[in-house]
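These are the structures, in structure tokens.
First chain A sits with chain B, and in the next complex the same chain sits with chain C.
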Partner chain A sequence: MGYPAHIDYSLQLADNALILGHRNSEWTGHGPILEQDIALSNIALDLIGQARYLYQHAARLIGGKVTEDGSGGREVTEDGLAYGRDAWDFRNCLLVEQSNGDWGKTILRQFLFSAWQYYFYGQLRNSRDQELAAIAEKSVKEVTYHLRWSGEWVIRLGDGTEESHERMRRAVDELWKYTGEMFAPAAYEKELIRLGIAVDAGEIRPLWGEKVGEVFNEAGLEIPMTWMQGGGKDGKHTEQLGYLLAEMQFLQRAYPNCEW
Partner chain B sequence: MHDKQWPLWEVFIRSKQGLDHKHAGSLHAADAAMAIENARDVYTRRMEGVSIWVVESKYIHASDPDEASSLYDPANDKVYRHPTFYDLPDELKHM
Partner chain C sequence: MVENAQIWSMLEEVYDPEVPVLSVADLGIIREVRTGEDGIEIVITPTYSGCPAMDVIRTNIRMKLMEHGYRDVRLTTVLSPAWTTEWMTERGKEKLAAYGIAPPLPLQQVCHPAMFHREEAIPCPHCHSYHTTLISEFGSTACKALYRCEDCREPFDYFKCH
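Right, the complex of A and B next:
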């Protein structure tokens, strides 16, 4: 049996990656141009790949088997964790579950999260949990590219036409209030920070702020003054997550343990 | 946006083993930086490459296929242009 805070933490990281990966995958076949459709689908695959490693880790901590062995639905598996939990069990940040909106909003959501993930994984490489450290080591390379790609798009659209600028400005207004949560540790995170397992996200805030400020500056975007909404890490989500899960989990809910 | 297509770019990829860049295909992009990123996403997904070149398609000048007979056929009967008429010493092994 794993240590409960450790499980919550692994699930939080897995949920972040899965939910954003799924949101991005909603663009597959709908991208504004073929090349960008592929680019965002690649990012979706990277994130879902990260989610798999993290769910496998969580399943091991919980004490279940990682792979389905056909002995019935009671085993804890990566699939069970992704497709069998309800919205209040999910630990992801509110930012990643927000709807795609237009291309600008999708890009900005990716940029704000990739910037966080970049510094976060950078620190997680030093975790005393060897498995998390290894996942971070692998993932940081992928995220480096996500950050570069999304950052260039934020600049391109923010500093583009009147309309693209206006759309980016609206996206900033919609999403900024969900950024504070990424740096506010939940109770289970505080416990793990003391044990050297979790990253103290408060420490990466200045780095994140500097990176985001740099790109916003070049894009001609301003950081709004706003209150910050939280709760996702403790399972209190916006209405957006329910719709996403209804679609994502449908098949496994309707036909439990089905395979193809 | 529909009537304003991004320009077309030709993509050249050098593979891990390869010495030279080979034409991989083409794609649309607003500028060179985006063309390289798009090429990375479209043409190196399966570990095909370690280096990417892009050039806007309009800068590639091609020979005219209708002139093929005058351009290439004259080389047909000039075997002496191949270095096959030398007696090589036995010590040379790798020619």
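Right, the complex of A and C next:
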């Protein structure tokens, strides 16, 4: 049995990647043009791939056979963790679960998160948990593409037409309040930061701020003054997550352990 | 007892289902082959985290070894060091070009996080012109980007440096 904080932390990272990957996959077949539909689907694939390695790690930390529901005997797997937990068990930050909205909002959500993930994985490569470090080393190469692609779109749309600028401005208003949480450690993270396993996300805030400021500046977008909403890392989610899980988990809920 | 070299030559006959001219050995995803009293261990690494071909590749490796009578095979996955196109063999790059996919540039480049930063010009695999334009950094598979040749006007895939 792994250390509980360590499990929560691995799940947080896995949930972040899965939930954003799932959100992006909702665009598959609906993108504004074919090339961008493919781009977002590729990003979804990278994120879901990262989520799989992180869930496998969490499943190993939880330990081969443990009882999930008290009745005993059921093995914990990556699929069980992704499809068998309810909203309050998810540890992802609120930003990634927000609904897609228009293309501008999807792009902005991706950019704000990719910029965070880029610096975050960069640091996680030094984790004392060698598996997390290896996943980070692999993933940061993929995230670099996500960051550049989404950042370029923020600039194109923010500095585009009156309509695209206005939509980006609205997206910033809607999403900015969810960015603070990414830098505020939950109790289980604080424990792990001391052990050299978790990244002190507060330390990457200046780097993130600089990158986001640079892109917003070119895009003609302003950072709003707002309060910050947190809670996702502790399982207190916006209503958006429930709808997402209802769709994503439907098959496994209706037909447990179904494979095809 | 089986020799490592024999296993490697079998792996040269296992192809990437998404880029069927490349063997898993050409692709550089086989990190190690260990043979001993307790069977054969093959250590593989994924190209991209979400590469959907990995399960098929694992199955095909098992099938190939089984064809040669080896049933006791363990496949281990490692993530670090992370796969890079630098591990692709020269022969693999030649096969890609002949297939119509531009191979990764010989001088390894990695994606630069600066906005609108672009890699060096990629030569068209059809007419060899350097007068080409990036259409999208994300293509039909995770490992490819979409380009267009401005001279022969053909679109083409580029197996991007990673």
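Note that in this section the second predicted complex is superposed on the first by the 251 of 260 C-alpha atoms of A that agree within 3 Å, B and C clash if a C-alpha of one lies under 4 Å from a C-alpha of the other, contacts with A are read in each partner's own complex, and residues count from 1 in each chain.
Simple rule for what comes next: a contact is a pair of C-beta atoms (placed from the backbone, for glycine too) under 8 Å apart; a residue touches a chain by one contact, two chains touch by 3 or more.
Model, not experiment: these values are computed from the prediction.
Once both complexes are superposed on chain A, the partners chain B and chain C clash.
When the two complexes are overlaid on their common chain A, residue A:Gly151 makes contact with chain C while staying clear of chain B. With both structures placed on the common chain, the touch criterion links A:Gln252 to neither chain B nor chain C. In the overlay built on the shared chain, the residue A:Ala39 is in contact with chain B and with chain C. Once the two complexes are overlaid on the shared chain, A:Thr238 sits clear of chain B and of chain C alike. Judged by the touch definition given at the top, the superposed model places A:Ser25 against neither chain B nor chain C. Clashing C-alpha atoms with chain B appear in just one stretch of chain C from the list 23-31, 41-49, 77-85 or 95-103: 95-103.
Chain A residues 35-36, 38-39, 42, 145, 148-149, 152 lie at the interface with chain B in one structure and with chain C in the other. On chain A, the positions that touch chain B within their shared complex are 32-36, 38-39, 42, 145, 148-149, 152, 156.
Interface residues of chain B facing chain A in the complex, by the touch rule stated above, are 1, 6, 27-30, 33-34, 37-38, 40-42, 45.
Residues 46, 48-52, 78-83, 110-117, 135-140, 142, 146, 162 of chain C are the ones touching chain A in the complex. Contact residues of chain A toward chain C in the complex are 35-36, 38-39, 41-43, 45-50, 52-53, 118, 130-131, 133-135, 137-139, 141-142, 144-145, 147-149, 151-152, 155, 211, 214-215, 218.
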